[in-house]
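Two complexes are shown next, each including subunit A; its partner changes from subunit B in the first to subunit C in the second.
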Partner chain A sequence: MYGDSGIKLVQHAKRTQNLAHLPPYQTELVRAVTREVRDLNKDVDDLLEPFQGSFDPSEDQAVAYTLLVNHISMRRNKRCLLAYHRTRTDKLEELVWNGADVVDLSGQQVRDGSSRNSTGLTSGDGSTSSLSPQEEDYVRQYGDLLAAYKGQWTDIDLTGSLEPPRDLFIDVRVLKDAGEIQTEYGAITLTKNSQFYVRQGDVERLIAQGYLQKLS
Partner chain B sequence: MDIDDILREVDPASHGIPLETRDLQALTRLWVAERSAPELLNWPADGLFERVNSKIKSQIEKIEDMTGDMDPKTNFALIVIQTELERYKFLVRSYLRARIAKIDKYTLHYLSTEELRQRLSPTELAYATRHQALLHNHYLSSFLSSFPQRLQNLNDTAGNVSMIDSPDLDTAVFIRLLRDKDVFGRGTDVDTILPAASGDILILRWSSAKDLVEHGDAELV
Partner chain C sequence: MSYYDVDAILTDGEKVPCRFELDVPYLGHLDNSNGLKPGSRLALPLWLAEMFALASAGEDSKPPLTLTLPPCLSEQVQAALKADPRAVALRDQSAYFYGVAVRMLDLFDERELSAILRRTFVVRAADVGLHARKAEESGLGGQGEEFLRGLDEWERRLFRRGHEGVRGAKEWTDNVKKS
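Up next is the complex of A and B:
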């Protein structure tokens, strides 16, 4: 049926919205929908061919309706594809804002891919990364764009926390060894399971990356 | 200079308030308004952010100067200044992020007309244009390029459905009246005109509230 693959894509997109990670790119489905559009377009051209550009809808209503349905199906498929890709790029942008880069993402995908396969979900074409090559390009370019925009606001870390700051200093617990950091009060060595009272601005990055946990 | 500026000059309340304080108030108001308005508001044109930026820079330098000093008294002052700085930076950050979120969501809408483009700052405009180009390229390389030529547009309006999403201007907002005014509100069944006094808080559609806010008769809360 027309549009069946389209609706599957939209369902995938809908599910992606509620997931913390990005499921694998549905290469096959995207290809199927694109193929459907091309076939429909070919049908339209074939139908119109005998009329040599002088088609009158009121004279030949059956053909006119077929054309209409074909056109609407094509448009619908296009919207499905756009929605699917936009949902994914939104997700990717969110990850970029949170400080991930392509290497992180693909690395994480490998792990995600294996765990998902064991839960019975199929992963696209079986590649290790759940990003399509185009998406990897996109992440890279968007990262550059974001860096450029951030560069205009050097003193304000735009990707910083959006929680209003309450205290200048906070208690943190170290979850993973993070080595030595430099603060204006001297160097601190962050070893696992130790606890510190530090300036929030100094460790914000490390909290976001999961090295430290903020204690309230 | 418009009438509001003249009024402010003769208004005794605003005398004696240093420019920095007024900038902070302006920033706070912008931030609150931007976060509650459903559409992107105008970028402040009076150089507010240049002043804010230089202020932040000078505070950072001050902190660096004071850090070397080990006197407990300056240490205390240092903490106060640092806390203030963090809050100031948060305001700017949150404000910019609220705008970027709106721009990202309705990029094509804000790029579509000159009037809407005026609302963006030059850097935001550059960002939005580039972002849209990236997205379009991504669509093209992912699937759009294998589409028939006439289906490759991203701004079709076929079947009376525009492909460009635009913000819902009928979303409800809360406003606080800054002067006495008869407020006209459009409703679903019936429109009303409500006499309201300065300080009253009303909830109404943004499309009705917009004029009031733009003329300074009310502010978003």
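Up next is the complex of A and C:
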């Protein structure tokens, strides 16, 4: 039945809405839907071919309704495709606003990769990213856009937390090597498993990115 | 309802029974035969059936198919809803019960059905609100669980909103007390 793959795609989108992370891109399904549209279009061309552009719907109703079905099915598939991608880009934008960038998103690939094998939802081309190449591009460019926008107000961090900090200084543990950072009190080298007492404002982003863990 | 609304798209994917009035040899794939004969019955998704029922090629030609109300809005279900709206598990009828009903009422002039549905929603909404408030105290489960499992997608959203509202208000009062 036409539109069945489209429905599956939209069901994926529905599930995506309730998840914190982004599930793998459904390359296979998207390809199936686009293939269906192409087949339908070919059907339409074949049906219209004998008429040589002089088709009168009221004379040959059977053909007219077949064309109608094909047309509506194509439109339906288009809507499914657009809705699926829009759900994902909305999610991506949200993630970028929360401070994720392409590197962070590729960090979750490993986890998704393992869950994908068990559910059998292969993305087809064997790549480990949960984003399609286009989506990676989108994230990168959206990130640039956001950075440019934020650059207009250097004294305020638009993506910072809305919660006022309770303490100015906090204890943090380093989960991943993050290299050297510059603070008002000099440079600190963040090596894995070490612990520091630092100003919260200096390390907020590193906590959000998962390099540091806040100790209460 | 937006073009990109995932729920609206899934609502449109629900099937409704129809009867073909015309001979369309090319559309046999719709019911796995070699061509649709006049009078053949099949279930089509709403997005296809609706356009079809409204379409007609000439001025005096009749539409190529007639729609009937889907099983989730059948006489039996209506009777059950009239008796006690809370006793019917709407989700078993259709996950998008109200969505489908609204779309059908656009096409059919069914005053009684619309009255039944309105009353169903009002009665059930009160219960949904009650459960949303109580879920915080007792945790999910208990005698309300079966009712909650029968909520359709729209009522679920209502439940979630209600639940979030109660929790938000509680968090806020707790914070006020603390500071």
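Points worth noting:
The rule we apply is simple: the second predicted complex is superposed on the first by the 149 of 216 C-alpha atoms of A that agree within 3 Å, B and C clash if a C-alpha of one lies under 4 Å from a C-alpha of the other, contacts with A are read in each partner's own complex, and residues count from 1 in each chain.
By definition in this document, a residue touches a chain if its C-beta (ideal position, glycine included) is under 8 Å from a C-beta of that chain, and two chains touch if they have at least 3 such contacts.
Please read these numbers as outputs of a predicted model, since none were measured by experiment.
Of the two partner chains placed by superposition, A:174 touches none, neither subunit B nor subunit C.
Of the two partner chains placed by superposition, only subunit B is touched by A:135; subunit C is not. Of the two partner chains placed around the shared chain by superposition, subunit B is the only one that A:74 touches, whereas subunit C remains out of contact.
Comparing subunit C and subunit B on the residues of subunit A they touch gives the larger count to B. Judged by the touch definition given at the top, the superposed model places A:156 against subunit B, while subunit C stays out of reach. In the superposition on chain A, A:82 makes contact with both subunit B and subunit C.
By the document's definition of touching, neither partner reaches A:190: not subunit B, not subunit C. The interface of subunit A with subunit B overlaps its interface with subunit C at residues 72, 79, 82, 86. Within the complex, the subunit A residues that touch subunit C are 1-3, 7, 10-11, 13-14, 17, 47, 57-58, 61-66, 68-69, 72-73, 76, 79-80, 82-83, 86-87.
On subunit B, the positions that touch subunit A within their shared complex are 53, 56-57, 60, 67, 79, 82-83, 86-87, 89-90, 92-94, 96-97, 100, 104, 123, 126-127, 130-131, 134-135, 137-139, 141-144, 146-148, 151, 154, 156, 158-159, 163.
Across the complex, subunit C meets subunit A through its residues 3-7, 9-10, 12-13, 22-27, 29-30, 45, 47-48, 51-52, 55, 57-58, 61, 64.
Across the complex, subunit B is touched by residues 30, 33-34, 37-38, 41, 72, 74-75, 78-79, 81-82, 85-86, 89-90, 93, 132, 134-135, 137-138, 141-142, 145, 148-149, 152-153, 155-158, 160, 162, 164-165, 167-168, 184, 199-201 of subunit A.
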